[in-house]
Structure formats: structure tokens, C-alpha cells
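You will see two complexes here that share chain A, one where it goes with chain B and one where it goes with chain C.
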Partner chain A sequence: MIPEDDLFAQLRDASLALEELKNRQTVGGDSTAVRKIVSAAAYDRTVTLSGAGTKQVFTASFTADRQAFALADLRAAVFKGSPSTPAVLYDDYFANIMQLPGDPATPLLTRWRVELYKQGSGSLTFFLKWVVMSVDTGTVS
Partner chain B sequence: MITEAIYGDDDPALMLARLQRELVELKGRQLVGSDSFQSYGTSSDGTWDFSATLIQNGRARFRIRYDFDRANGGAISRINAYYRINNPDVMGNPMPRRTSTNPNIDVKWTKTADEPTYAEWELVVANTSAVPATYTGYVKLFITATASGVFSIHAI
Partner chain C sequence: MLELDTFEHDAARLFRDLEEIKGKQLTGGDSIGGVLTKLPGTWDVDTTVPGSAATTWWEVLFMPEDGRLGYTQLGVEYLVTPDSGFEYFSSYPSPLEPTGDGIPYIVEYSNPNVSPVNVKLKFSIRSFRPGSLSWSIVRQGP
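So, the complex of A and B:
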């Protein structure tokens, strides 16, 4: 049989531990689970542009598996000539990426407007690959 | 005589019941958000982080690397860069990123890596002057991320 004093001491310790657990637990740093999501395709968009300053606008989409309005960020990897030759920022292109307003009717969907501007003369075929970092898993297209 | 009358709040049966109830509450779904989700803003103490002195059509490239302090499964991270011509007090009069209002120095960047322990961007400073002229662009960086960390700047 556990001595009465020990029993009380153990119950009080357990109560104290629970109180500590129930306090505010800040989540951040290494405790935020983040996923990198890419499609299975070699590239997600392609376009051929001619002349300096020409532009193509794309829409990239991320559909979260579970979380409504999941925090997500899009990166556009840009290639030229083939899906494996990186394009050179400012010499070949620059891009503006803007997140589009979320639609309450489709809370799992996050969309971005991607503006791709060609730099320099001549004609160039670009290949774009979307990379999404999010707090939820999902699909990118 | 009943047990409660002897022990009051220290009744072991009541304490056990309370512990069990609170454990059940804790084992339920724990939502994280609002003031319990922490993100981190990182910037240096200086008025500028790096500069580039460029002749007409000149360009300077930099690799910005943000190493996470502890995260090893990636992070959501964004960078913002302010700049100013010929003046290191960047935030005293930060330039909008519009060539229409700033025809001589342009700054553009793109993220190049999302790795488990760091993120990386490439940033270009360009002299876009229409006439031969030399300008110095001073740049200050601000990073927002779900992980704390430190950034470093490398000319490439």
C-alpha cells in the first residue's frame, strides 16, 4: 500500500505538471511542421516569348488536403530552353508573384498570379515549375 | 463521516477525477493559431545591409541565405528588400519598387531554394539609367519566416 503522504505528493506533482501543460504553448521555430509540395510533372507551365519586356501571366493553384486558408508560399523556378536549364534572373527574365484573394467558397484553395517578363531581345522558351511551402499537405497545379 | 469532510479539496478521489478530466481535455484536438503560433521577423541593426556601385547597365548579384536556428524540416519564409540611391539611410526614404518613380536603380529577387535547414534567394541590383552615370544602391533586408534564423549575404 502506498503511504498516504506519498499518494498526496504524487497527486500534487501530477496536478502541477498538468497545469504547466495547460498553459500557453507557443508553436514556432522547429516545432512548426512545413511541407514542400511539387507536382509530379517535369514542369507546370511553358511559354515562348519574343522581344524584351514581353509578358505572360499564369495562375498557380494549391489545394490543401485539410486546412482552410492554409498558410502557403509559392516559389516559381524558371528554366529556359529545357526544363533543366535555369534561366538567369534579370538577364533572361524577372517575375512578380502575387497571392490572389482567398475565396470563402473554396477555403482549401490558394492561388497566385505569376507575371513572367522576358528580358533581352530574341525568342526564348521558358519552363516554370511551382514549389509550394505550406503548413498542410496538398496538390499544386 | 464522509471522506470529503476529512480531506476537502485534497480528497485523493476528487484529485484523481480532476486529473483524469484534464488529461482527457488535453488529449483532444489541439488547435494552433492566433497568439500561440509564432512567426519571426529578422533584420539587421544597421541602416543598410549591402551596397552596389554600378555604372550604366551594370548589375550586381547576391545570394541571400537564411539559416534556420533549429528547424530541420523546412520553413515558410519571405524576403523583402528596401533600397535607396547614394544614401545608406535606406529606411529614411525607402524606394518603392516601381521603375516609374525610380529610374536609375532597380532591385529584383527570386527565391532559389527551400531546403530543410535554410532558404535562399538570388537578388540583383541593376543600374537602369538611360544615360552614362554611376549610382550606388544601398539595400536593407527583412525576412519573415515560421522559423527563427540568421541571414548572410554573398556576392556572386
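So, the complex of A and C:
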């Protein structure tokens, strides 16, 4: 059995801790968990384009595990010839990525329109890998 | 009179609970409340852009209902009729000074056509707090 003085000391500590918790708990900085999500595949899309200025439009999707209307950003990693040879921005391609409007009927789903424009003459096969940064885990496709 | 054994046990358990709560509490997943703001209707903008207008800027303004700054993301979909295959849209946070406490974005259309085309746009905003959405043309011309 512990002395009563120690018990009262513990109660005082517990009371102080409760007072701290009752203060404003700000969310942000390193208290926000941000995840990087990729698929298991070597690449998510591929296309062969011929000629300068030709374009292909893709739709990339992220389905969050839990959070409705999760904040999410998409990066498209672009490769040429093989899924491991990076394409050169401007020399080989340029791209335009826009998040599509959300749908209340599918609150876990985020979609992006990805436009890939080929630069230069000739034919080139592109491989695209989606990289999603989000405040929730989920699936990329 | 205190039952000291029970009291000691309860106090120790309470203290452990508090220590756990005071530890690092990560926010993410379903602990963040996301809100989608969207106007009714299939399209928000349904307008004719003249062939002489090489560039059109729409400003999309999200106004949080509590007037506080917030983190937001804009969603945009477009449809151009007829589609030349060279239509180009981009969107970015507006460089224009916002009026009031709104969070403004620019949706820019680079028009490759010489004849009038029909442009349809649909917007949505993801945010932490609810608010209202509006839009206007802030520039249209060569």
C-alpha cells in the first residue's frame, strides 16, 4: 500500500494533465499524418504517341480507406521506352494535371485528369506511374 | 474512509490513461472532417467563347462560412464543343487580391479556335469547413 500523501500527489498530477488536455489541441505540423500511396504495379498507364504535340488524356483515381473528401495530390512520374527510364520534361513531354470535381455519391473517391503531350518528332512509348500524397491511406488506380 | 487499495489501483489506471492521451496524437484518416462544396446542376458555366478571345480567366471563389482561412483544393471538369483537340485549361491559386475572406482560384482557358465555341465548366471545393462557392469572368480577350 502506498502512503496517502503519494496518492494525493498522483491526483494533483492527473488533475494537471486533465487541465492541459482541456486546452486547445491544435492539429497541424507533425501531428498530421500524410501518406505517400502508389500501386504495386511497375506502371499505371502506358501509351505510344507519334509526332509533336500529340496528346493522351488519362484519368487517375484514388480511393481513400476512411476519409470522405480526403485532401489528396497527384504526381505523375513519366518514363519513356521502359518503366525505369525517366522521360525528360519539355524535351520529351509536358503534362497538365487537374483534380476533377468531387461527387457526394462517392465521397472516398478522388480523380484527376492527366493530359500528356508529346514533344519532338517520331514515336515514343510513355509509362506513367501515379504517386498520391494524402491524409488517408487508400488505393491508387 | 478510503479503500486505499482500490483507490490506488484506480488512480494508477487513470494516470496511465492520461499519459496515453497526452502522447503523440496523429491526425489523419477519418479523424479529419472533409467537406465538399459544389453547386447544383451538371455544369456551373455554360457559355460561348468568341474566337477572338484567346484567353479567358474565370475566378472561382470559395468563401468559408466562418470567414477563417482554410486549406482547400479545387476540382475542375470541362467540356468544349466543338472540341478541336487542342483545347487547353489550367488552374491555380489566384494571384489577384481576394475580396474579403474568400479563397480564390483561376481557371484559365487558352482558346485555339477562330470560331466561337461552347465552354462548360464544373467546379468543386474540398475543405475542412463548409462554405459557399461562386465564380466570375475576370478577363477575356486576346
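One rule holds in what follows: the second predicted complex is superposed on the first by the 125 of 141 C-alpha atoms of A that agree within 3 Å, B and C clash if a C-alpha of one lies under 4 Å from a C-alpha of the other, contacts with A are read in each partner's own complex, and residues count from 1 in each chain.
The definition used in the following text is that contacts are C-beta pairs under 8 Å (C-beta built on N, C-alpha and C of every residue); 3 or more make two chains touch, one makes a residue touch a chain.
Since this is a predicted model, take the numbers as computed values, not measurements.
Novice: Kindly classify A:101 by the partners it touches after superposition: chain B alone (first), chain C alone (second), both, or neither?
Specialist: second
Novice: Touching A:89, do we find chain B (first), chain C (second), both, or neither?
Specialist: After superposition on chain A, A:89 lies in contact with chain B alone.
Novice: Answer with first, second, both or neither: which of chain B and chain C does A:34 touch in the superposed model?
Specialist: both
Novice: With the two structures laid over each other on chain A, which partner does A:131 touch: chain B (first), chain C (second), both, or neither?
Specialist: It touches chain B, and chain C stays clear.
Novice: When the two structures are overlaid on chain A, which partner does A:109 contact: first (chain B), second (chain C), both, or neither?
Specialist: Neither partner.
Novice: Is A:66 in contact with chain B, with chain C, with both, or with neither (first, second, both, neither)?
Specialist: The second partner, chain C, only.
Novice: With the two complexes superposed on chain A, say which partner A:75 touches: chain B (first), chain C (second), both, or neither.
Specialist: A:75 sits against chain B, while chain C stays out of touch.
Novice: Of the residues on chain A, which ones does chain B touch that chain C also touches?
Specialist: In chain A, positions 7, 11, 14, 18, 21, 25, 27, 32-35, 71-73, 135 sit in both the chain B and chain C interfaces.
Novice: Spell out the residues on chain B that touch chain A in their complex, using ranges where they run on.
Specialist: Those in contact with chain A are residues 10, 12, 15-16, 18-19, 22-23, 26, 32, 35-40, 59, 61, 68-78, 108-112, 114, 122, 124, 126, 146-148.
Novice: Give every residue of chain C touching chain A within the complex, in rising order.
Specialist: Contact set of chain C toward chain A: 2, 4-5, 7-8, 11-12, 14-15, 18-19, 21-22, 24-30, 32, 34-36, 38, 71, 73-77, 85-86, 88-91, 122-124, 126.
Novice: In the complex formed with chain B, which residues of chain A make contact?
Specialist: Touch residues, chain A against chain B: 7-8, 11-12, 14-15, 18, 21-22, 24-30, 32-36, 71-73, 75-78, 89-90, 94-95, 131, 133-135.
Novice: Hey, which residues of chain A end up touching chain C in the complex?
Specialist: Spelled out, the residues of chain A in touch with chain C are 1-2, 4, 7, 10-11, 13-14, 17-18, 20-21, 25, 27, 31-35, 53, 55, 65-73, 96, 98-102, 104, 107, 113, 135-137.
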